[in-house]
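Letters A, B, C and D mark the chains as written, and numbering starts fresh at 1 in each.
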């Protein structure tokens, strides 16, 4: 397969590549920032930023490769991940009065160290397959994997329901970024389906938050540790 | 020929019926002499039997038919056993019907019926006697079987006549296995026939008595049969002993008047000797506590097993 | 009609199906005692009789035929096969079940089953009962591993439901649980044995296993696994713990089937594996069942002697007899392995004969305990006594059973013990050093066990039926109904016949020994009334003659006493030794009667005593006798499992982040694995 | 074609109607009717497939072959019986005041939605849509798990959501990688590149390195939903706290579907990898599940938790069998999936009524079922015996095959498997016995329980144990050929 960017002028190539790689780097940076961030509100903003970067990368790719469905998914991402979800989250935060909540016990340095290891691991995994990719930003596959794993790590370390959900969403972002970088996104049907699922998931979560809140009047996860195998 | 065999068989049974009380009488005489007492007449057992038969039987109100039947069963079993054991001749029609193992089985039958009868009326002593009798029995029976097994290992059969023939006809050798088993057999005999040191036939002291305790409810003819049966049992054991350890003189060839004529006095001699011997043992030994009886029988069992082991280790003794 | 069917195998299968049908028919009107509790059981009895007849004819005709049923796994349909071995055990099943079923027809009129309010309805009971019978039949006919396992587990299952009929009593539930658990473990072991037996052909039909070639090590493994599996079912020490719990728990007819018949299916299985599937067993295999069997025999006898519950006592006596049977099997293997098939045939003959005997006499006794239970509602020996006056027919019939079980001539129990002892005496001839020394010792153990059996039976019979009633309530005890009498009578008759006609029985069994050991049970010095199966010996046993002469002598004695003297009898109070009031409580209790055994074999038991002190207000005496093996083997096992569960439960503490961590670690590990690969 | 559309459209319609319709009173019946229609369509489809062989429908987006057709039939059938069961069950719940009519409406529509997602997941040919429908299945059941709004149910729902969400996200990454590899092989004709049939066609050319990674992600993702240890943590909680009909379908159907997805992926990966790695992974997960579950069974106090762990155990067994591969093992695994879902759902039916009678799910509160309501008691008892692998029930057949195959293929696993089976037997049976038998403390129920489903299921399981109908065996064997590989 030939690189779809080849026919255009070499100078552009450089710029596009640089831009896309910059997006990838930003993604990683934001993921790390989320891993280290204590305050929930800022987490939401970071999530929005991550979405924005993702959308930018998508649109850029769409413009360069001229694949129509990339525009669609770019716009979709913009609408869903940059506009709607952050808004919804902010709204929830207000309604649930957890605006000033923060993760109490969060070992930032430890997390960052672990995150570093994870990212190295991810690159190691991606390395043998990147050369197979035909896309403009194949090097980003490793980064995408890294972002996914970082989000996983974040979910593990969080003790608040909302921040766990944010971790979940940033994992979704990482996945989309991976799809983008590996194969210019999934087939349209799938993209739509996934987007729908994410949307529904968010709504369900909204319901959930209120249920949990009215039961435990707090969103701390330590309320949710009664089940299990202990006498 | 057939008739001769039948006649011999009947003769043997008749001899047993007659000799059993005599043997007991003789035994008691010897014991009396050994303990410097004036001995009762040799015929005393007969007189007692006659007296008992004449009396009216008294039964406990709640005695069941089993209680009445038991004496006959026990007596019958003992008579059959007497017919099977080769005391005079080894060539009798009935001997084929039961080998030594079956013989032990017959004795067990008698014992079981005796004990059941003792439990029937439901007095304290009856059950006590039955329990003790069964205890002695379940220890003595294996010992007796072991004795027979040793003999059968030597002579490759468990049929008494064959054993005694084999032992009688082989060249005379000192066989330690047989010696051990002889001791074991003697102990078993003492125990099984309620002799000192296991039981004392002459006392009704509840702490010690076994056999007598079971007969407490019996009277008259039933008692007579029971007594006679126990005399027969003693006699039978003696004959088994003869067949195993001093088999000479039992008519092994074709049954004829000559052989039997010779066999009867020999048997009398053996019985006399055995009676004296038993009397001696009983006089010199003291009655054991009932709790020690198991140890006594365990010793017997041990001797028999030792005999078997010796037999297995040394194999057949070298015959010149 | 059925016997006119050309193929006996088809006929047998049809009869098994008929049993199932009878069982299902019971569900139509489950609570109707007259229909489900009476009529159906009679039909079942007829089927059992027919089965016995057909199987017997097949056995005598030496039929061997096989049939493939259209059910089962797609590539492994049910194979069935009827040969001498299975016919012999089918005869056992049919005959014993016929007697038991007739008895049950009279027995399941409520009482023991319906007394506890909503106990199992007779219809449901009938279903379980007949499924139990049918599955046992299928076990005997199965000719592939799958069919066998299905039948085997179905047997365990249906019998489990019979055991827990009175499920309101916690002990009985516990017994049922233990029973099914042990059965399941045993089944797993059997399954493993089959897995080895197929020997790489991966065909699970028995034919394939017959032709499979195994390395000696694997063959030994298969044999030992089978021994464990079937031993667990038969109650071989140390797998016996369930038996004395489960057998007494069931309603008496079920107990009769469990002890009388089901244990024999285990024997059948071991014979099938050891002699048929593994064609030529190695001699030293035999040492294991021999040793285990002897230990079991002694163990069972000793424990039976100290029991105070009449059904437990019988259960332990079953353990004893199983021990004797397994010892016989071991002996047969040793003989066969050392190249003397004739002797192996002798030992096998003894074993099979004992199976038959035990089936009838143990069923008889369990049924009689059932009648006693109905009449008195008591199963504790300490509260019985003197029933010979209240229920004479039961007393007489069970006297036969008791004497037979005690191994007394001229009844059947003695014959098989006699054969067993004879074959033991040949142990000295085995061309293996030291073993030839040990095996005659085994004869000593057998003798001891047999003698103990006598003790046990005197205790059993004497305490229940003789003496004075230990409780006033026993005055209301009533004799059993006509159907029960017929059932008991048939079984008693079987005991007598098996005892008196050993020559014919041996002749009938010799096809089996020819199949298993390759040598018939020869009759040396053949006369029809004289059993002389022992090669090159002048040993013989003629129960008929013994009985005849004995009878004559007794008759003569009675006659003469009447003739020369008189038959005058006076009734009086029992002599109290001048003591005065003689109360029933002065008789030996069951504990008292067992006391000598308890002293002699103390080391067998774990005894907890509670002795009264002179200062006690209400002095009471309590003694509990427990099984050392239970405390020493099974309880630690249970504790170990609990400990393991507690240790493992740590992974499941309910913390979401921990769970997420599990997923994360799993993911990374697998990725690393891929990366490495 | 038309059958498929009907089969998918019916539950969709049902979901909307039950969500917005006005028939409060008869909603349960309506639910059953819709399920019945679905079942009819499914059977029609099945008949079609039996007659005409595998079908590619709707622009190749849907594919029905011997492997999934019996799962489709099974799903529709259990869906129907569960609907029948939930009719009185939910009424009783309302009568006991545990839920309100409004939530009942949510319940019904979500139930239909759940059915839709599972049928879609089974029939779709597009690996992407497979992912989408499985995620949707999670979403539609989360609110059902929390139906009672109790703290415990909320916690269970939350864990269910997060763990499955995260897991399924991994599966998405796997799908992406799959697409990535497929594009190289099939060229970038976007839509078709994720079609299983196409992938299956070119699986030998798919890039091994990529597929290996993809398989790991897919396995972890779908494995989470299949409840494979150590990804199982959500399962017991979700089963125990949700309403019983949901426990029944979760355990009886959802697990099957997840396992189905895994196996589909395995076929592709093995075709490309030519190494035993995937099989090894499956076997590892299988053994781990069987072992852990059988031990944890000993700690259970709650009856539904107990059977949830038993589900983990049996899924592990099936996974292990798939891992062993080969015709016989695969056949056994498929059979095991079938009988397990039938038996387990039957058990949950009985369990539900038992818990309602006792007014508690704690096992020591449930006593003597058989005395007051024999049908419930015997249903529970027989179902338990069946699930424990006692003949003549079908579970024994599949376990027999699995064990005997394992003796040949993987002897090392035998001790673990047998020990686990023994432990599970002791643990489960001991507890169930004391619930079924003994003195009773049960109360009467306001509505007559529906036990027809229980005994219908058990009858089928019994049949499968004694006699596998030829056409069913034919399916299984065809499917086994399809999956079995070597």
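Convention: a contact is a pair of C-beta atoms (placed from the backbone, for glycine too) under 8 Å apart; a residue touches a chain by one contact, two chains touch by 3 or more.
Quick caveat, the model's predicted, so the values are computed rather than measured.
Visitor: Write out the two chains that share the greatest number of C-beta pairs in contact.
Guide: B-C
Visitor: Which chain is the middle one, judged by CA centres?
Guide: Going by the distance between chain centres and the overall C-alpha centre, it is C.
Visitor: Compared with chain D, which chain's mean CA position is the farthest off?
Guide: Result for max centroid distance from chain D is chain B.
Visitor: Indicate the whole-number Å distance between the mean C-alpha point of chain B and the mean C-alpha point of chain C.
Guide: Here the centre of chain C sits 36 Å away from the centre of chain B.
Visitor: Would you kindly tell me how far, in whole Å, the mean C-alpha position of chain D lies from that of chain A?
Guide: Here the centre of chain D sits 31 Å away from the centre of chain A.
Visitor: If you average the CA atoms of chain C and of chain D, how far apart do the two points sit, in angstrom?
Guide: 44
Visitor: Express in whole angstrom the distance between the two chain centres, defined as the mean CA positions of chain B and chain D.
Guide: Centre-to-centre distance between chain B and chain D: 79 Å.
Visitor: For chain D, jot down the residues that touch at least 2 other chains.
Guide: In chain D, residues 158-159, 162, 166, 170, 213, 236, 296, 299 touch at least two other chains, as defined above.
Visitor: Name the residues of chain C that each touch 2 or more other chains.
Guide: Residues 649, 652, 656, 660, 663, 667, 671.
Visitor: Listing for chain A: what residues touch at least two other chains?
Guide: 125, 152, 155, 164, 224-229
Visitor: Provide the full list of chain pairs in touch.
Guide: A-C, A-D, B-C, C-D
Visitor: What residues of chain C sit close enough to touch chain D in their complex?
Guide: Chain C residues touching chain D: 70-74, 117-118, 146, 149-150, 153-154, 156-157, 164, 167-168, 170, 173, 176-177, 180-181, 184-185, 188, 191-192, 195-196, 202, 204, 641-642, 644-646, 648-649, 651-652, 656, 659-660, 662-663, 666-667, 670-671, 673-674, 677.
Visitor: Help me check something: in the complex, which residues belonging to chain D touch chain A?
Guide: 61, 126, 128-129, 131-132, 135-136, 139, 142-143, 146, 149, 151-152, 154-159, 161-162, 165-166, 169-170, 172-173, 175-177, 179-181, 183-184, 188, 190-191, 193-194, 207, 209-210, 213, 236-237, 240-241, 296, 299
Visitor: Could you please specify the touching residues of chain C with respect to chain A in the complex?
Guide: Chain C residues touching chain A: 649, 652-657, 660-661, 663-664, 667-668, 671-672, 675.
Visitor: Which bits of chain A are touching chain D when the two form their complex?
Guide: For this pair, the touching residues of chain A are 1, 69, 125, 128-129, 132-134, 145, 148, 152, 155, 161, 164, 168, 171-172, 175, 178-179, 182-183, 186-190, 193-194, 196-197, 200-201, 204-205, 207-208, 211-212, 215-216, 223-229, 231.
Visitor: Which residues, counting only chain A, touch chain C once they are in their complex?
Guide: Within the complex, chain A contacts chain C at residues 118, 121, 124-125, 149, 152-153, 155-159, 164, 221, 224-230.
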